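The same chain A turns up in both complexes below, where it pairs with chain B and then with chain C.
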Partner chain A sequence: MLNWALRSLFAERGALVASSAAVGLALLLAVLVEGVFAGEAEQIVAYAEQAGADVWVMQDGVANMHMASSFVHVDRIDEVRAVEGVSRVDDILYVNGFLGAGEDEWFVYLVGLRPDALLGRPWAMAAGRSTPDLGEAVVPDVIARKSGLTLGSSVRVADRTLRVVGLSRGTYSMANPVVFTHRDDLAAVLDAPRSTSYLLVEARPGHSARDLAAAIADRIEGVSAMTRADFVESDRAMAMHMGADVIALMSGVGTTVAALLVAFTVYVGVLRRRRELAVALALGAVPHRLLAAVFAQSLIVTGFGWAAAVALALLLRPALSWALPEVTVLFALPTLLKLGGLAFSVALLAAWIPVRRVVGIDPADAFRA
Partner chain B sequence: MLRLVLGTLLHQPGRTVLSVLALGAAIAVMLLFGGFRSGLYSQLRDFPEQLQADLVVSQAGVSNLAAARSSLPQKTRKALLAVPGVASAHALTVLPLIFRRHGIATPVQVIAYVDLGAPAELDSGRHIEVAREIVIDRSLAADHDLSPGDRVDVLGWSFEVVGVSRGTAAMFTPAVFARFSDLVDLFLSGDLSEELQADAPLLSHMLVQVEPGAELAAARAGIERELAWVDVHTPAELGAADELMGRRLLGPVLGLLVGLSYVIGALVVGLTLYGSVLARIRDFAVLAALGAGRRRLVSLVLLEALAVSAFAFLLGLIAASSGAVLIEFSQPDYLVSPLAGWAVPRTAAVVFVLALLGASAPLRRVLAVDPALVFRGGPC
Partner chain C sequence: MSRYLLEAKDLSKTYGRGRTAVHAVAGVDLRLGPGEIVLVMGPSGSGKTTLLSMLGGLLGPTRGSVEVVGVDVYGLPPRDRPALRAHSLGFVFQAFNLLGALTAEQNVLLPGRLLGRVGADQRARAAALLEQVGLSERRDFLPGDLSGGEQQRVAVARALMNDPPVILADEPTGNLDSARGQEILMILHDLARDGGKGVLIVTHDPRAEEVADRILWLEDGQLRDRRADDVQWAQDPVCGMRVDAQRAVAFVEGPQGRVVFCSHRCRERYLEG
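What follows is the complex of A and B.
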């Protein structure tokens, strides 16, 4: 029966290709939208993740960077350094604002670094230096490419003009591209010379970040402390409001419609073969084997479509990165498997409905039809 | 011919309905994805545009309302009132905060105003009348299950929600409207942390009205000449700047997703009609055997494709509009405008062209089929 199912399926190559292509295109939309969502959800917390801190210390009541402002008195830096288990503390000044690059205005996270900072700096460079001096800035390579900036170009932050000395990599996301300046430049913009925003703490080997965060929060008044993992999750939850939620909604819509289209394609495919199925039944085919054969045909069509969607998505990814460097696309295996699982489940259901009717047909009617 | 088209479509109503449903779903996705983009840009543009002022004054170098920090010195109002043509100047402070209630955190923008700056449209309740009252955006009300009459804590002070506004969430951030005098009281109370006082501007913008009969351009030029520390915008300019910022930030991602939905949706439309014609090749062969000429067959195939597409397009419009209503109901932060601008004609053009192409592709097979085989029951 399985041989018959395969022969029957491959005998109509045009229909097979059209069905698989329709399934594949529907799934491609879902895979790509999901990939964009996954990429942005990851990239949106890249700084908190990659800054190198085991523990983040901030103003009491603050639990993230997105849409937040944290101001901690600079005296707290030495107090945190004195806590048992702390290996290193670097502080950053932070505010979200606008970067002027020629005619362009970019909404960015502005991070003010001290010259000797090891934590909180850009973690990968495309060109130039990673630590800006007074009057200098390090900008994401994506902004540089889109606004035509090179090393030595000028950018504006509030009423100050800064010279680009570095192009950082991996620091761009649609919600929060990170621009690094000298701490004193940002302090002058904020008019906050005795304040800092976040203290980035590195734990000594053998000390757990969670215990260290608890010790800092316990011993130092007016601050809260979070492990990197907690801080990243807290920031992600808030940052998702900044555009990623809308992609999640679009992903939901795309996946729903993809499922509908898979169901339609499989359903119509079985309907188209119902006469031939009824004849097979009349010639003595066992109903459950017939059902298995139809399921096999549907799974093959869906499998081809899913494989084509994944292959096309993987092929398109480098082209997308090149054409749209602002967009991060990430394909995670569990997501691809989940979409595949959904497609196969929907296909089986869509095949079962019409084939159930075929199984109930009187064999004589099949020949009369 | 029209009767024949309808007759053939109704001959197998199940298949016709399924085709219409599949095409309608693809069309709805195109419109909805475009609607997300249009809605986001529209929110960004509309929020500043609803400020009931002739001119909006901000810190020099600040040209946005959304996501921008503007701080003006206290001398600004006095200096503005001295400019010829300026009738009144009203303080406005935009303060980004994270609103926390019952474990849910939401970034909000507090809009503290005097006389001008109230929300243009209320969903329920009323505008602020006395101290310690606030009006909140409907998305914040939905997220935190708040309605007029409820009390909330903002920066440690208790306020009564007296109204729920609409169209006052921009850049995914709902607004909370409060009286400027409450903000001043809060600053003076000493309840604010020292750090927040250092960061938060007490005055971020001024809303200016010009005297009746005075020229807006002359008043604007006067302000720009006399107050070196400010920039002057019309609400429409601020709206355009905020929209531009949204386009720069979200444009590439949304453009990619909308583009994908159109390309893939269009291909699905083409493939569905291609498959539909192929599946009915026997029916066309019967018609050929009954004497239908090539021209009649071609017309029938194409007209059927157009009819299915037209029904599907109508269904897609209804599905996209209903989907938008559902999404806005479940996620009031978002405005989804699937029918905005050129979305309908653009989508219609894509759908009908691809439908005709998809239906035309198997025409050669339709025209080449031997009618005699149909009656012999052979394969087509």
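What follows is the complex of A and C.
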């Protein structure tokens, strides 16, 4: 019956293409949602990942940047420098805020840098300088493109007007684009001249980040210290937790639509082949062979749909990046495989109802002309 | 063990209950021996398909039994009946019922595959059967590319694939023109005479009487045996069907003699004018 299942599926090429396309489009929705989710999950921690720190030091009790505030007295900078194994310490002042760009308002991470900082600066530039001076700002190139900013344009932070001197790459995410200013500009806005937010620590060669973080937390009062990996994961978990419900809902909708389409496709196929299934039963086919045949057809349709969805998603990605630069789409192999596994599981489940129709087919139908 | 290949005793099928009960088949006794061709004829709605389905192990009777080569079909657990059908019964359908995606050869091979039989000997048997029905040249054709007569010949070859002792044919000439219908009847005839198979044909086609050993008349669910030449044919004036004037249950006596009908429905229509 497997032979029949394959041949009958491929004999009706139009129906196969239509079914696979329908399933593929539904899965494409799920793939894109997952891709945006994965892309945003990466981008949301891009700054913590790329800032160059082996260890992040912050106010005790704080474990992330996302939706967090950290205030550490500037005296702690020298204390951290004195810890054995520390190669370099740069501090950043950080606050969530709004960037005014023409008519647009952007919710951003504002990072105040010292002019001599090596850690915490933009790590890739599209144009201009990476380190802002007093009265200057470096903005993500995506914001510049969306708001029509160029080098020399003016932007607003609180009551200050800053001149754009650099356009950074890789610093944009939908949740937290990063805008860099001079530390003193941000300190003036915050009215916190003796405070800083995070100390970015570089370890000497041969010293482990984990040991160094433990040593700093142990010796310096009022701060906590985390390795970059731990800090990134903590930040990602916080960010994903806040957006997970929406993403899960969208992913669920995509998967449900895919499941319904698979079920509908297989159901229609079973109805269309009802007579042939009845004939096979009359000739002596055992029901479980027919079930296997119908399941095989369901899996093949889903497989084609899945392949089409992945191919389309990969083809669409450059177009998406061009049309929607603010959206980062990431198709990681494990995510695609996970979705593939999910799709095949859904296909098996979705085929269950039509398969029950197969079991209920009356073989005597073969006699009815 | 029974000397009959197929034997039905007191076979009955009732649909519904109480006042709405319909007795599609009522107390039918039927025997089919080796090399014998038995025709079952009767008006539409007389229960022919129901009878054939029960004889083929496809529809459980309300009462009675069916034995195929001595095996009580409905005494078997349901899970064992498909294998009995595949081994012991060959089916030929009015609508041919070939699987459209399979070639002629693959259709013929199907009953063997249902029993897990694959290999060169099976292909050789399929080739021989296709040659027997004159379709060697069309073994790789899909059913859609074959004529009705060719499709029915493939269906006959398929029915013979597992060399079953009993062939059940439902209106095998119903969708064929006169010449093609005659070909199929002769193939069935040869299967009985030369192959020793028991062939039961349900049909309206009077040409089939020429090859039959016995003709059974099914009407209102009941079966009556008669000889092929023991018939006085008349034509139903409403539907045009040939009717045995001696055994017709629906008739009216008129000034020019008795007018017979295939069914009470036709009689009512006749009387309604």
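One rule holds in what follows: the second predicted complex is superposed on the first by the 322 of 369 C-alpha atoms of A that agree within 3 Å, B and C clash if a C-alpha of one lies under 4 Å from a C-alpha of the other, contacts with A are read in each partner's own complex, and residues count from 1 in each chain.
Simple rule for what comes next: contacts are C-beta pairs under 8 Å (C-beta built on N, C-alpha and C of every residue); 3 or more make two chains touch, one makes a residue touch a chain.
Predicted model, so just to flag it, every value in this text is computed and none were measured.
Of the two partner chains, chain C is the only one that A:V286 touches; chain B does not reach it.
Contacts of A:R275 after superposition on the shared chain: chain C is touched, whereas chain B is not. Looking at the shared chain after the overlay, A:F264 reaches chain B, while chain C stays out of its contact range.
In the superposition on chain A, A:A18 makes contact with chain B only, while chain C stays out of contact range. Between chain B and chain C, B touches the greater number of residues of chain A. Touch criterion not met for A:I300: it reaches neither chain B nor chain C. Contact with neither chain B nor chain C is seen for A:V111 once the two complexes are overlaid on the shared chain. In the superposition on chain A, A:W4 contacts chain C only, with no contact to chain B. On chain A, the positions that touch chain B within their shared complex are 14-15, 18-19, 21-22, 25-26, 28-29, 32-33, 36, 40, 59-60, 62-64, 66-73, 95-98, 104-107, 156, 158-159, 174-175, 190-192, 195, 222, 237-238, 241-243, 245-247, 249-250, 253-254, 257, 260-261, 264-265, 267-268, 271-272, 320, 324, 326-327.
Residues of chain B touching chain A in their complex: 14-15, 18-19, 21-22, 25-26, 28-29, 32-33, 36, 40, 60-64, 67-69, 96, 98, 105-107, 171-173, 193, 195-196, 198-200, 241, 244-245, 248-250, 252-257, 260-261, 264-265, 267-268, 271-272, 274-276, 278-279, 323, 327, 331, 333-334. For chain A in complex with chain C, the residues that touch the partner chain are 1, 3-4, 7-12, 275-276, 279-286, 289, 362-364, 366-369. Remark: chain C residues 49, 52-53, 56, 58-59, 79, 82-87, 91, 93-95, 97, 99-102, 106, 110-111, 113-115, 142, 158, 170-171, 174-175 touch chain A in the complex.
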